[in-house]
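First chain written, first letter: the chains are A, B, C, D and E, and each begins at residue 1.
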Amino acid sequence: MSFADFISLGPLITLFTAVVISMLLIAIKRNHRITYAFSLLAYLMALTAIIPAALYIPHAVPPLLVVDEFSLFNTGLVLTSGFIILLLSYNYFEEREERKEEYYLLLPLATTGALVLVVSRHFMSLFLGLEILSISLYGLIAYLRARERSDEAGIKYLILAALSSAFLLFGMALVYAFTGHMDFPGIGAALRQAGYIPVTVLAGFGMMLIGIGFKLGVVPFHMWAPDIYEGAPLPVSAFIATISKGGMLVVLIRFYVDIHGNDYSMIWWMLAIVAVASMFAGNWLALTQQNIKRILAYSSIAHMGYILVAFLSGVQTGLEAISFYLVAYFITSIGAFGVLIVMSSSVQDAETLDDYRGMFWRYPWVATVFTAMLLSLAGIPLTAGFIGKFYIVMAGVNGHMWFLLFMLVINSVIGLYYYIRIIAMMFKAPATGEVTYIKPSLPVAGNITLMLLTLVLIGLGVYPTAMMQLIQQMMKMIV
Amino acid sequence: MDIAFIVAALIAVAATVRVVTCYNIMHALLYLVVSLLAVSVVLYTYGAPFMAVLEIIIYAGAIMVLIIFFVMMLNLGLETAEHEKAWLRPRIWIVPGLFCIVLLGELLYLILQNKQPAAGIQVVPPKQVGMALFGPYLIAVELTGILLMAGIVGAYHLGRQHKKTLHRFLENNLNT
Amino acid sequence: MNLHPTTAGLLLAGILFVLGLISVLIRRNIIFMLLSVEIMLNAAGLAFVVAASHWGQADGQVMFMFILAMAAAEVSVGLALILQLYHQLRTLDSDEASRMNG
Amino acid sequence: MILLLLIIIPLAGGLLSWIAAARNTLWSRYIALACLLVDLAITAQIWATHPASGGRWLYQYKTDWVPHFGISLNLAMDGLSLLMLILTFFLGTLAVLISWKEINQRAGFFHFNLLFVLAGITGVFLTMDLFLFYFFWEMMLIPMYFLIGIWGHENREYAANKFFIFTQAGGLLMLLAILALYFIHGANTGVYTYDYFSLLNTPMQQETARWLMLGFLVAFMVKLPAVPFHTWLPDAHTEAPTAGSVILAGLLLKTGAYGILRLVLPLFPEASAYFAPWIMFLGVLGIIYGGMLAYAQTDLKRLIAYTSVSHMGFVLVGAFSFNALAYEGVVMQMIAHGISTGALFIIAGALYERIHTRNILEMGGLWSRMPVMGSAAMIFVMASLGLPGLGNFVAEFLILLGSWQANRWITVFAAIGLVVATAYSLRIMQKVFFGQATRQYALPDLNRRELLIIVALVMAILLLGLHPQPVLKTSQKTDYVVR
Amino acid sequence: MLPALIPAIPFLGACILMLCWKRVSRSAVTVIGCGSVALSAIVALIVAAAVAAAGKEPVVQHVWQWIQVPGFAAGIDFRMDVLSVVFVLVITIVGFLIHVYATGYMHDDEDYGRFFACMNLFVGSMLVLVMADNLLLLYLGWEGVGLCSYLLIGFWYKDPANNYAARKAFIVTRVGDTAMAIALFLLFEHMGTLNIQRLLQEAPVLWAKGDPMVTLIALLLLGGAVGKSAQLPLQTWLPDAMAGPTPVSALIHAATMVTAGVYLIARMHVVFELSPAAQTATAVIGAVTLLMAGVSALVQTDIKRVLAYSTISQIGYMFLALGCGAWSAAIFHFVTHAFFKALLFMGAGAVIVALHHEQDMFKMGGLKKMLPGVFWVFLIGCASLTAIPFITAGFYSKDQIIWLSLAAAGGHKAYWLAGMLGALLTGMYTFRMFFLVFYGEAKTKVHHIPGAVMMVPLYILAVLSTVAGFIELPHTLGHVTLFSHWLLPVLPAVQLAVDSMALEWISQLASVVLALGGIWLAYVWVIKRPQGMVDFLSMPGQVWLQGCWRRGWDMDALYDALIVQPFVYLSNVNRRDLIDKIYTGTAQLMEACHNLMARTQSGILRWYIMGVVLGAVAILSVLIWRLHTVS
């Protein structure tokens, strides 16, 4: 590995090194606070490492990895999200689990997996990144051993993830068998050269889609999502909702672009069906759901459907839209889970709708944040989610996908119902009589984080230009 | 078509079918080992001697042993077999089985669509593998390290026995 | 039989893969499920090696090794989890682990 | 710049009054009132001084917002906008005043929402950028949703949800149409922009234009509301607090009409002409169907709500007549309906405050106890049935006069709608104020604050009826699509 | 400035009264209420003099521009020409008298001020109606008087029946108004203006005689007129309108507002002249109405309803005259009718007040001695209504109509016969009422003798009912044409088809005989042989017929069944808005989908794996399917 390789992969290496060091720290002395602080520092350092890496872009580390603007952008996104999730985690674990320190190993490890995904352009690194992510997540999901649902969620995720990995691998093998390449550009070139796409390769793509679809949580590979969101610790749910999905999406984009996915109508059709099914399933499932974690899970299914619409538009705007949407979605999801976290008591998660009854009148600021997040999910102006959805619709219109857009509109309307249901619940008058509410922990760090997230959310909603320019620049490079 | 391949393939499939149908978990595991051994022969016939060895050592040798050890530790023998018998009713497996058969049919059909020019099996010697592994794929090896570390940390955290002494809050909760 | 060797290898891998899949589907015992997933992973690995032999490349074999490593990690974490679950539920029935639904 | 100020004042005022409410709710009320009065003064000043002749645009303000997409902060005011703004701030001021005593809970947040709705409406009336239009269009929903959902009556949540979902659904279709227009324009001219003026003459296929036009139209018809998209309205109006009902009926519905005038017709003249008979048919259907529904209601606010459906049918009929007379009438109708229906809601609200029911079967004989309120109600009921001398008559007459040239049968049925209007309007008076009092109430008549509001409204509706010329003249500063 | 003052003063009075009648004393209300009308009357006289002085040139005044948009303009413009002068004078003078009378009649009412506010408003609106220079302003007055009529019929709002009557009056007239509005649209479409003078000037240029368009317009205008003037088929509201206080009935539902239709047709006579069909329609409507209403009046028990039907009948005469082209005759009858019908109503009002708001004639009787003043004026009114020859105004006006319905160019024998029969009926019902009220034994005690305030207007009107006829005398009796001559600048002289003095004599004689015959029949019926009549009337079939007549030929029931009930039924069926069901249905569908989907989230791991497998099968199936369709 050359010096340039080191610098380019700086964020990844920094983070992983930090994990090793922090493991040693834990071995020396178990201390929640120190480990926490060190992990935060690690993330910050990894974020800083992006700056020198940016000097070398675009830089390929053949054959596995490539560091370009797109990957650096997403590296930054992943790291920032991880950092925020970590910020929100401290109080959550403080009183729930006696052994909290391993969390600070597993979370950066999972983040590392996502970072690998973000920079990978090869089946091998894709697979390894995915598995690093998955295996860390097994541990994270089941982290709270005292909680009944954790194990259930963990085992479900484990079996399904392994199963879908198997599909992914088999699909990769098929592709490899008929193209002789495992790196994305190579596959693309081979297919171009062949002039046609062998059926078996298509079958391989189809099976890979299962593996990818599982991670993205799209129909019909979505069923795990609500159970895992419900069973996992809240920060981990936030992680799964954002980083895990985002990393996969990034690699999917790269793959799709490199193999010139637009050339193959078959893939388009598969994704289109999946997109429509995801939108409907997600929104229908969430409609009268009482558990907010599950609502968020279902909503994320629907959101992946929306993203796929942009994906399918086959225009550069679509990819830009995905990137923007991803940013908005990250902020929003983390914000929403963040609210759940700060509203949870030290032992019990605030997850049912009733826990939020009249919340606006008791905790106006947190409720405002939550409202902003939900409105962003619903795509209402003044929030980043609006611009994101606008961007997606714009891409769709640009690609003349009227049917898909129409479905999107219908689903946005359905989706609206359950978002405002939560909002309405928060604005209801508090229940009269003897009702014991969960006593929220409301940690200071969490509150500040949420406030900042809200500011960014609204900032992006009001002035998205800078972000858009960045994304456009970056997408020009990869297409 | 190599006879060795055909024989090994048949054994592998047969053994795997037994894994699927066997009630006793120990038997199933042993059948799986047989299947893995047969697969290792297949690997060998496909010019991957090193992989064949690894298959035996790691899969059959390490992973299966781990599982067997685990099963023995939990002492799951007979009781589980009874359960399996009770659970494996046609009513339960017929529909999924059908779908899987369909899937199998489709998969095989698609694989058979292969129109590549026939090329012989090329042996890839272990040295070449080693060169690749520590040449271009060095980073991948590093990543595998990370992967295993994640596995270890996860298994360590999850595998530890519960202490009955819970956190004070949880304790209160349980008491009340 | 005049099968293309790559095709033959892939067919075997496909059969093993689906057998594993059937097993995952019809078994309720979680250990069996884990086992079956291993079959599937192994089949995928086999497919890689077969493909590698077609192209005469080492890449497929390298991939096989990584799959092996991943399978090992998977099993270790999986067994740890199953252990936890067994302690809680006193059963390995995966259908029992369905307290979350809706 | 002054246009931007018009939007910023209520926004800032909203925040300020929310914050101030923590100290003293009275401050909050005064701040809200002051903001709206300032805006009202500004617009009135513009109205009073704007040159009779000269260009169409009184003010323009343009600055980049998201240049990446060709989105700009493009505000402009012509006669139509000016009139709508005056109406907005006028009714806004009244809305603050009527909430003075009615809203005691969370007054700060109430004013925050109220002012934000008004800011959104102001934005809609001012913006000349389609993206921005959509932005404001959606922006006013949320605070309105809160106004209904928090301070509404018993069934408020259902109503608020319904309102929100309906308007969102329409809005999203409009978004699709806006974007399609954007790309078509971009593809044809190479300039990707949301600028209204640039998009005005986008060349496109007739077929496409028709679809896009429908996208816009549905959004506006939901808001208007036209049959068959009207069913959110009775619920929302009924459940909203008085101020909410006033804003809804007086202003929100007008944004739909405004959208038709500003966007649908100029952007798609051919397509509009193509669909005009059908849309006019829907309009007249609304007039009669809404009227019949109004007649059957027992809930006073619901009754008034359905009268809105009926009256807004006239707007639809007029707007698609492509006739200068009808356009003038539509503008008049927007203003007059805003005032008369707003006033009726205020009266309904005042009644509710006194007798705690909206069921007209439980009322009766209230004239003797509240003669002033009764007289006021009589005036607005008469306005609602189109009595000459009051604003609505001028509006409806001009609309019918104009639409007669476009489609006779539609006009005949619309005119028959006036008979239905008589039936339901008089029913209000008969059930509420006439007859024997069923219960013994000790009812105070209008107090000084209410009197001030009502007098302002009466003056307005009388002026509109007897001397509508200033309004008509101002509205002529807008270029309508005339065939 | 003067013409505008005429309606402005009553409006001002109305405004003042509306705003502060609770705060000023009753006498102040009286002064404002009556004073404004009196002032208005004085101004009207001055303007009339000015018109006369200017050689009957109209006085036009533009007050302000009401509506001006491209292509259309309408101003608040008043125009006093000879026709308007006649109406204005009648309205203000009779109005003033009725106001004065009302100060007595309404003296004890708690809403005294409101009453005068509405009355003033009415006078103002009515003046706008007759002075308007354009049809839009006319329409304003037209609807304004409708509003006042509504307010005053329902003046005693506590009784739901009154409100019902008020509402009915408003809605039924609104139906006619709608027709009129459409006529306005048509006029505007073809002429581009609603200015009456320009319309009248340009109509003959634009249309040939008998043009279908002009017929349509004329018929629609007629629709408006029949609504307001309570002619067939929209006459049903007027009898119910008697629910209002009696001065209201006198002013609005006898003297002025109900004749607005007559005014409209006379005003738009050019249009009607262009359309013989519409003229025929007018005449036929008038003839049929006068007969039907006359028959109905015959069997009423309520004194005010008799007068109401009589009003309908008399306006029928006016319509008949209009239909025959005898414009000035119609207006002349309007004037005399205003006098004697106001007199009769107020006389009836005096009786009603005296009997403590008893309106049933069969509970009256023998009042001749108790209320001699009322008796005499009532007698004069009855005589005038019955058209007793030579000494009553009614004779001159009505006789002219009967004669012209035969002799005029648009006349017809059938019209004449109807007029004749009407004369008989008039005599019968008038004197049946008269005898029932003033003769026979007293059935109700007199509570209250009407004072001077009430009686003086009666006396004045009695005089007017007598002498007003002398301004227009037939050929046979001196041939004075002051009135028709006065109207000549506006209303053309009647075209005579038959001009035979002998025939006119015969006609007059016949009508006199019939009128007197009617009186005689009434005498026999009520006083001489009441029992015989009772026997006759209780014959089978007769009872039903009588009931039918009493109910105004059951037109109410007919409309009720045909229009009102279906409307109410449909409204009530749809109260919950069926269209909403589409949306709630969609919502329910969504919920059903949710429930369906939620069942897939069973929480069972194997089921989830099944999902994955299904997905795999689906993907590969799509692939194979596409493969075959593509290749």
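Keep this in mind: a contact is a pair of C-beta atoms (placed from the backbone, for glycine too) under 8 Å apart; a residue touches a chain by one contact, two chains touch by 3 or more.
All values reported here derive from a predicted model rather than from experimental measurement.
The chains that touch chain A as well as chain C are B, E.
The minimum number of touch steps separating chain B from chain D is 2. Under the touch definition stated at the top, chain B and chain C share these contacting partners: A, E. Counting C-beta pairs in contact, the chain pair with the highest total is B-C.
In terms of Cα centroid distance from the overall Cα mean, chain D ranks first. Centre-to-centre separation between chain A and chain E, using Cα means, comes to 77 Å. The mean-CA centres of chain A and chain D are about 42 angstrom from one another, to the nearest whole unit.
A straight line joining the Cα centres of chain B and chain E is 99 Å long. For the pair chain A and chain B, the distance between mean C-alpha positions equals 29 Å.
Each of residues 96, 99-100, 103, 107, 110-111, 114, 116, 137, 140, 144, 147, 150-151, 154-156, 158, 162 in chain B touches at least two other chains.
In chain A, 124, 128, 131, 135, 138-139, 142, 145, 154-156, 159, 163, 167, 174, 199, 202-203, 226-227, 289, 417 are the positions where the chain touches two or more neighbouring chains simultaneously. Taken residue by residue, chain E touches two or more other chains at 598, 601, 603, 605-606, 609-610, 613-614, 616, 620, 623, whereas all remaining positions touch fewer.
A list of each chain pair in contact follows: A-B, A-C, A-D, A-E, B-C, B-E, C-E, D-E. Taken in their complex, chain A has these residues touching chain D: 361, 375, 380-382, 386, 390, 393-394, 397-398, 405-406, 409, 412-413, 416-417, 420-421, 423-424, 427-428, 463-465, 468-469, 472.
Those residues of chain B whose C-beta lies close enough to touch chain E in the complex are 96, 99-100, 102-103, 106-107, 109-110.
Only residues 107, 110-111, 113-116, 136-140, 143-144, 146-147, 149-151, 153-158, 160, 162-163, 166-167, 169-170, 173 of chain B touch chain A when the two sit together in their complex.
Listed in rising order, the residues of chain A touching chain C in the complex are 123-124, 127-128, 131, 135, 138-139, 142, 145, 148-149, 151-156, 158-159, 162-163, 165-167, 169-170, 172-174, 176-177, 180, 182, 226-227, 230-231, 289, 291, 294.
Those residues of chain C whose C-beta lies close enough to touch chain E in the complex are 21, 24-26, 28, 33, 94-95, 97-102.
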